[in-house]
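We just call them A, B, C and D in the order they show up, numbering each chain from 1.
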């Protein structure tokens, strides 16, 4: 078969983990039992169930995981609902990887990193964090600010507690929106928490979360004196092809699927705000 | 559908829950025979039948589509079948206008007591559609018929 | 250059259609010109251009990508690509010929679209010079010379003869098999070009000014308040998109036939409300944003990404077909006013 | 005529009866008029045009315009007033926010017909007596206006303005110009002939949705053909079945509400005679349920939302039809 980039390969969902009431993490391998393809942190893949639809998801697992790809997916539309309803062993289709990914080996190298995530926004950052942990010596300090609506809505909570929090040189700051009896950590919204923590402006920031969180966190970081050139985020728009051809995911002259999804805020400033 | 080289039409019968579906039931309990290629779809009232359903049935392989509802005046919801009557009249006329054989579509009023009429209607309709042959003018070539 | 008396044109068509499909512009029963597979008796349309553009032959409106058979938890891929067959596309105007270059930029960019690529490789483009441009024509604005069309072979036609000039290796190869063509001088063609160029100089839209439509002015153009009045009566239909030779956006859809799920792609339009609609939100909520996208793409985004090449060829189809007569010429003029 | 409309528009703006006017705006050529909203007398002076090319029916724009606050004036031709009244009846237009100026019309022209008559490269058209003179890049060309009329205007159903706040020109009358002749011609054909006629026409469809989007009766917030949950969404006809389905359902959804304004056929880029589908429904309704003209009044019920106990059975279709003969 003369394989077109639009033709997917068959993948098998070997493991489904329930993260939160509306987020599940899916482990995907190829029919040969191996990882479908190699990727860079921040890149995405098209998953589909024939007859239901195809959608783009960021790859949650780190490239350093050799055996499989993982996707943390929040239930919100047609495809995601179907994914949430399926059982382990289900075959799906997968194609990718798409997008530019984070400059983990170039711009990030040697830098102190600050990750800011809200809710399911942790999914794309999860891949970067674990990549940086794997090559720990290449990076400076790592700070992670992660917030969600409630304790139950914190994605990968167990991994964060068991691994991230215990590692030297990684500072994890968790917060939830409203106080809960069994929560003794910080309570409040992410943007305010970032401001309260008052980070050093030499840090490189990687942000992902709901638009409202991005907006206010960015404003807070500006107040603290950060430079937009050192703040990264990852975008999401409707996509069909993933190859920069179907024409719908553009922000100005840039295609999110090809030129993104990772953008610096100084790059976004030079583009129309149609997202 | 071809069975032993002979054409056997696929018929979709939309039956109103209150009269015709019960009528079909009665014809069954009375052991009256009608061809097995009639596929019954139960609808709450004949006026539930969206014209799209009829076209969809043809797309998905039906060679004839029949709507069975309560006799005018007997609708469980008082007036549903009156509306259905006007809609189907216009739709069938439009199909005819587009050159699609009008004998492929039909409406019959069958009450819950008319098991005999139900079987007779189906026998008659199947015979009429068999004579016409397979649906070619309103078929979707992508859909397999067998 | 070669030539052929018009009385022998059927002989040419017959030779061209031996061994491959030959498409020529022909009028259908309702008098609408479209590229049609030639067969004995089919006459060349006298119309300036086809209603649908020539892009159909390389990028059809609907095209099967792949099929899936789903059984329980298993999925099986089914090859459903239409085989690529060689064909000759005769009578393409200079504007449509340029549109192929624009489509190439999108579809042949890495990773190349293999469906499009296969058709491009299999197609030989024979162009036809214009002699009677319409008032809606403005290809010259984009540096296209309609009297000297590109393509694998260029043709000219006057009352008596067809002139034939191979431009590429593919064109030479096609020409080699055509024994009815005789050698000819270029005088008749040059004279005809001269005459046509006189008309070109009188075209009402020949002076459309594209100054300032570039990446540098992206934000300024995007934020122009004039988009509101330009787009206010837009119906949000896809006419302009679908008759456009350079519009290339597509959607990927599925159809369940009962025994298999067919995945196909079809033309899509940025004018449609569901083009960018996600379950999570809609970045282009009103017709203003959608309308702006179409023209920003052709006049700003595309040239920004492709060394200044505009995504319009001035064929004038949208000028003729828009239900409310809003079109790219009006957009260029209205937005361009600011830059005088 | 145009001067009268301009003066009226300027007066309405100046005396603050309205704060904007919906009309037709001049284009690049003499024929490519665009529906537009005018806010100032200067804009009217500069760009407002009313001519034989003011074919666009402005009534559908009033659905949105009447909800934008303030008051809007609209110029409606007789056939447009039917669409307007039908929309009023369906509670789609807020009547109190619209000032309707009715304008009499003696037919609008189809530029494509003019071009097809041999006037390619046309740069101007002027009326001379009963005829039109087209100036083209290739010389002058004469034709009768009758040959240049839009199909719908050639068989105009009514010069009556059924609703207006003010009338410019004279009130007209309903008339019978034989608009069903073409439908009858098709009815007389055999089913085979009809089938091949419609296949030929509908196979040209490019599914641009212009017919739907321009139609004053198609005013759903979300069309079933765009709605993934409807089970009927399709963006392009992947099979001839889908071409048929779209056009049957489109016509059916406006049956008994369609005023026969003819916009669908006017805008079709492929010249598919879509009005012949709508007119078939109108003709059937007239014959089976009594004469009915959508938009003619505010009181009557559309025939598909009504019934009588003695209505004909669907089997009537088998007995009718010219091919019986």
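Observations on the model:
Here, a contact is a pair of C-beta atoms (placed from the backbone, for glycine too) under 8 Å apart; a residue touches a chain by one contact, two chains touch by 3 or more.
Computed from a predicted structure; not experimentally measured.
Taking the mean of each chain's C-alpha atoms as its centre, the chain lying closest to the overall protein C-alpha centroid is C. Work out the mean CA point of subunit A and of subunit B, and you get 53 Å between them. Mean C-alpha position of subunit B lies 36 Å from that of subunit D. Rounded to whole angstrom units, the spacing between the C-alpha centres of subunit A and subunit C is 39. For subunit D, residues that reach two or more other chains under the stated contact definition are 238. Of all residues in subunit C, those touching 2 or more other chains are 251, 255, 268, listed in ascending order.
In subunit A, the residues that touch at least two other chains are 78. Contacting chain pairs in the structure are A-C, B-C, B-D, C-D. Contact residues of subunit C toward subunit A in the complex are 65-66, 68, 70, 73-77, 79, 81, 106-107, 109, 111, 113-115, 118, 215, 218-219, 222-223, 248-252, 254, 256, 261, 263, 265, 268, 270, 275-280, 283-284, 289, 293, 296-297, 300-302, 304-305. Those residues of subunit B that touch subunit D in the complex are listed here as 51-52, 55-56, 58-59, 72-73, 79, 82-83, 85-103, 105-107, 137-142.
Across the interface of their complex, subunit C is touched by residues 60-61, 140, 142-144 of subunit B. Chain contact summary for the complex, subunit D toward subunit B: residues 186-187, 191-199, 224, 231-232, 238-242, 244-245, 248-249, 251-252, 255, 277, 280-281, 284-285, 288-289, 303-307, 309, 311-318, 320-321.
Residues 28-32, 34, 48, 51-52, 61-62, 132-136, 199, 202-205, 229, 232-233, 235-239, 241-243, 251, 253, 255, 264, 266-269, 272-274, 319-321, 323-327, 329-330, 333 of subunit C are the ones that touch subunit D when the two sit in their complex.
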